[in-house]
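Several structures are given next for inspection.
In the two complexes below, chain A is the common chain; its partner is chain B in one and chain C in the other.
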Partner chain A sequence: MEQFELLTNWAQVNVEAFVLYALAIIAIPCAFCVLFDRAIIRSGFFLIGVFGAVCGLFLILQAQFLALAQLMIYTVGITLVVVIALMLTNPRLEKEGVAVEGRERFSGLVIATVFFLTIYCALRSESWPLSSLRMNPENVKQIGAALITTYALPFEFASVLLLAALMGAILLAKAEPKNDVSKIAGEN
Partner chain B sequence: MVDQIMHTGNKPAPTLATTLAFAIVAISITVAFASGQLVTLLLNLGLNTFAAYPEIFVFLVIAVLATIASAMPNSNRLAIVSIAGVMGYIALTYNQDMLIKYLSLAALLFSIGMYGMVVSRNAVRVLMSIELMLNAVNLNLVAFARYVDPVHIRGQIFAIFILTVAAAEAAVGLAIVLAIYRNTSTVDMEKFNLLKW
Partner chain C sequence: MKIDGTVVRGDHFSGNIAEIRKFAVMSLSWLTVIFVAVWGVCWALGIFIPMCLANSSFDFAAILSEVCKALTPIAAVLVFIPINAMFMVLMERRALALFTRRNGPNRVGPDGALQTAADAVKLLLKEDITPTGADALMFTLAPIIFFAPSIFGALPLLAAVTNNHKLFQIVDLPTGIFYVLAASSVPVVGIVMGGWASNNKYSLMGGLRSAAQAISYEIPLVLSLVTICLLAGTLDVVSIAYQQSGGLLNWNILGGGALIGLNKAIAALVSSSGAPFAEVMNAYYPYGWLSFVGAAVLCMCTVILFGVYLIGACAEINRIPFDLPEAESELVSGYNTEYSGIKFAIFFLAEFTNLFIVSTIAVVMFLGSGDCPLPTWLNPLSYPAVYEPLAKALSPVLSVLINDLHLINPPTFWAALWVIFKTYSLIFFAILVRGTLPRFRIDQLMDFGWKRLIPITLVIFVLVAFARGVINFHV
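Here is the complex of A and B:
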């Protein structure tokens, strides 16, 4: 009990760390569920949990614009597209019951663990140039000004990229009636 | 330990006992570490090396226990791995700066996505893992914008560009998956070997 009193005192002092850990407790199990849930449609919905938790992290990092963009693009948009793709493909891999070979899974586990530990050790041993300044409360305004002045060219490129990518996606996903080609070829 | 999670289909339903025991042990050792009593315990036991780095000790104990618990028959491996991940993360970052807490969480999410990308057979699940990794990178950039560069917040602007590219990538990737499915009637990564000679 004494330990829990110490922890509650800690939580009252370090509100940000407390909220961070609360969101991490949502995000990490949801991420594992995305990978390992047998019903893949359910793992698509667990993806919403991860993205929602990251949206909360953006809010406590005082990135309000990005938090809302995350909510709209990732949590709603991309998850919706993924779920629709799942419904269209309907793989039934579960019934086949075969997994990637054990050797590959083991090497994947080793790679991921070593990667995480390397990054963690590098993060701890680095001395970060932390700034004690406060964030500008009007940072949405600041982002908007930066996007049309300093970063105007990348912004335009990004919009062209998005347009081209979406047109390409429509072309790729469009159901081509296969008969037409042969019919036209036959007529010629 | 993680390997067999996906294929518990035909086995009997997992019982709670192993999972619950593992959860209680993992949570209590993390709480003992966070309240500082683990260090005194380790010093009393004479483990001075571990007392200098108690978080490494907690991480190793949790990893070993998770391996044992998930090797037991009828254990809920998904729950065990989740608890181990959360408790290991809390133990590794408890005494660190806020920036390191965010960056470690992002690294953890990135590694989870990387593992999923390697082992998934379903192409759509591979795309989901890639979205996870992109999201982790975004978290990194926003954390840098908050703690390293709060005046110009360049990290947030880069995060906006990554958001754009991620949306484009999701649309094109899923369209490619659909096109492949239409031609081969499968989304199994193992069977995408049309280019293999």
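Here is the complex of A and C:
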């Protein structure tokens, strides 16, 4: 991150702002593509692009560890989502384009509005003080210590939640296939 | 073997020895070319240009020399990857020929040494075809996404393998190994993307298999490295490399530092000066026999972890016996069936580079990085009586190169030499495995990953966490 400062001093501009805009130029069109792309697989890949750009945001915020965790978890996670989408969707339907009914459109709009308002309120209700502190070189150690002291309880709750999700997934996958066709699919 | 099929005694061996000699000569000359070229570029960009600019009075010169220095690591990687991939393909083909008693490529250049260079030119000149019905954007992006992490992912390792040379300190991140692991999880996206975008059922199947395999084997792979980080107490690859300096007993593969005390105690015994044997042992192993049991457990655990790492890495980079995503016999080479020309070349390049990177990670994390395997007390060069006359004899020749031109940096030179030797030995081992083992079946692969490797690594993780409590590390 010192390189940023060197460059900033030399070029007389705020390099961080430039990088921020560059990342936004990647992230926002990718996000729109996620929404509007017909092929669900492709929108999955665009989602990876969005998360990649968010990883870059974490990097310019000097949160190296978070950026890497973002990359590692989301790239692999979204690959999984893409694979599941591949298995659950019918590629022929994508080309035809299913018309959306009026009532579905309305409920979608309501859900989107409520969701947007929730996130907007959550973001605005918090104050975001700017800090000019340098990143501690022992950043990772501090995150580790905080996770098992201050945030021990949320951390444990999150792991129990994940465990429950895992068990649920196993239960779903374990359901014995009834007819022959699904049996073959289950073996694969 | 005679024509009628009878084996003449001794023929078995003598028939191959000429081929082995050719293989060795070929490898050594290629390695010399590779690393002289890479270091030449680094030196020119990072030392020579700034040295020339230091005398100039431009305002701009200081910035330019800083930029040159900052670009050195990436330039090194960019020069290294293509030449190295060419050599590794050749090495693989020649070595496989050795194992199966064939000749291998031997027409282009002396003993076939230029075969892959010719292949590379051919690949680049080929027509680049995008199949009908393919998603052109994703089809083009896939090789890039597959290849990019192998350029950026290995950067932190550069500092660790060159003994923290000042040109490469810029890439020494505090989250080193985590960065490498995060980068190594990206290529699977490229494979799935390429498989889907090709509009080919075989490719799609290869992509799906690759996703399943990479995700299953990433867990034991990461867990094995995390356990080593737990022993080392840091994620920084340079610190991990430094902790292992001082001979075989300090390496992470033997207890992750559990034998450092033994090493120091023997050194004290040999030098017969300083603290006595028992005192040093007590400082490192304070709980008597319990500590020794702990050390034994740690040694066993780390050896198993090394095995788990090698298996996981093999699966992660889709090498035989885990090459299900590109199984030729069932999937007609899987995700890259439809690729040709330069895009195929990029896939190929990335695959071999990934093999090199995982071998380097193994060397840095387990095999002591650039450390000589001889313990310091056994190594004749570490005694001043041997070392000093040698240095004196060589100094008139080398001092210009070392002190004036900075063309040779002795600590970096020796470290790099050992890393090169160890890494290519591991690569040779990977080729040996390829020449030996048949391919897994997909259900066997999944069973082995989830039911064997992951429980083993989890048990070892817990064992290590307890065992490290009874020994003093890195006092």
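Points worth noting:
Note that the second predicted complex is superposed on the first by the 116 of 188 C-alpha atoms of A that agree within 3 Å, B and C clash if a C-alpha of one lies under 4 Å from a C-alpha of the other, contacts with A are read in each partner's own complex, and residues count from 1 in each chain.
FYI, a residue touches a chain if its C-beta (ideal position, glycine included) is under 8 Å from a C-beta of that chain, and two chains touch if they have at least 3 such contacts.
Keep in mind the model is a prediction, meaning the values are calculated, not measured.
Of the two partner chains placed by the overlay, neither chain B nor chain C lies in contact with A:160.
In the superposed pair of complexes, A:32 makes contact with chain B only, with no contact to chain C. Look at A:108: by the touch rule set out above, it reaches chain B but stays clear of chain C.
Of the two partner chains, chain B and chain C are each touched by A:139. Ranking chain B and chain C by residues of chain A touched puts B first. Contacts of A:82 after superposition: both chain B and chain C are touched. In the superposition on chain A, contact of A:120 is made with chain B only, not with chain C. Contacts of A:48 after superposition: chain C is touched, whereas chain B is not reached.
By the touch criterion defined above, A:65 lies against chain B and chain C together after alignment on the C-alpha atoms of chain A. When both complexes are overlaid on chain A, the residue A:15 reaches neither chain B nor chain C.
In the superposition on chain A, the residues of chain A contacted by chain B and by chain C overlap at 3, 6, 10, 65, 69, 78, 82, 86, 139. Against chain C, in their complex, chain A makes its touches with residues 3, 6, 10, 39, 41-42, 45, 48, 64-65, 68-69, 71-72, 75-76, 78-80, 82-83, 86, 137-140. The residues of chain A lying in touch with chain B in their complex are 2-4, 6-7, 10, 16-17, 20-21, 24-25, 27-29, 31-38, 40, 43-44, 47, 50-51, 54, 57-58, 61-63, 65-66, 69-70, 73-74, 77-78, 81-82, 85-86, 88-89, 91, 93-94, 96-100, 102, 104-109, 111-113, 115-116, 119-120, 123-124, 128-131, 133-136, 139, 142-143, 146-147, 151, 154, 158-159, 161-162, 165-166, 168-173, 175.
Taken in their complex, chain C has these residues touching chain A: 63, 66, 70, 135, 138, 141, 170, 173-175, 178-179, 181-183, 185-186, 188-189, 192-193, 196, 204, 208, 211-212, 214-215, 218, 235. On chain B, the positions that touch chain A within their shared complex are 2-3, 5-9, 31-32, 34-37, 77-78, 81-83, 85-86, 89-90, 92, 96-105, 107-116, 118-122, 124-125, 127-129, 131-132, 135, 138-139, 142-143, 145-154, 156-157, 159-161, 163-172, 174-179, 181-182, 186-190.
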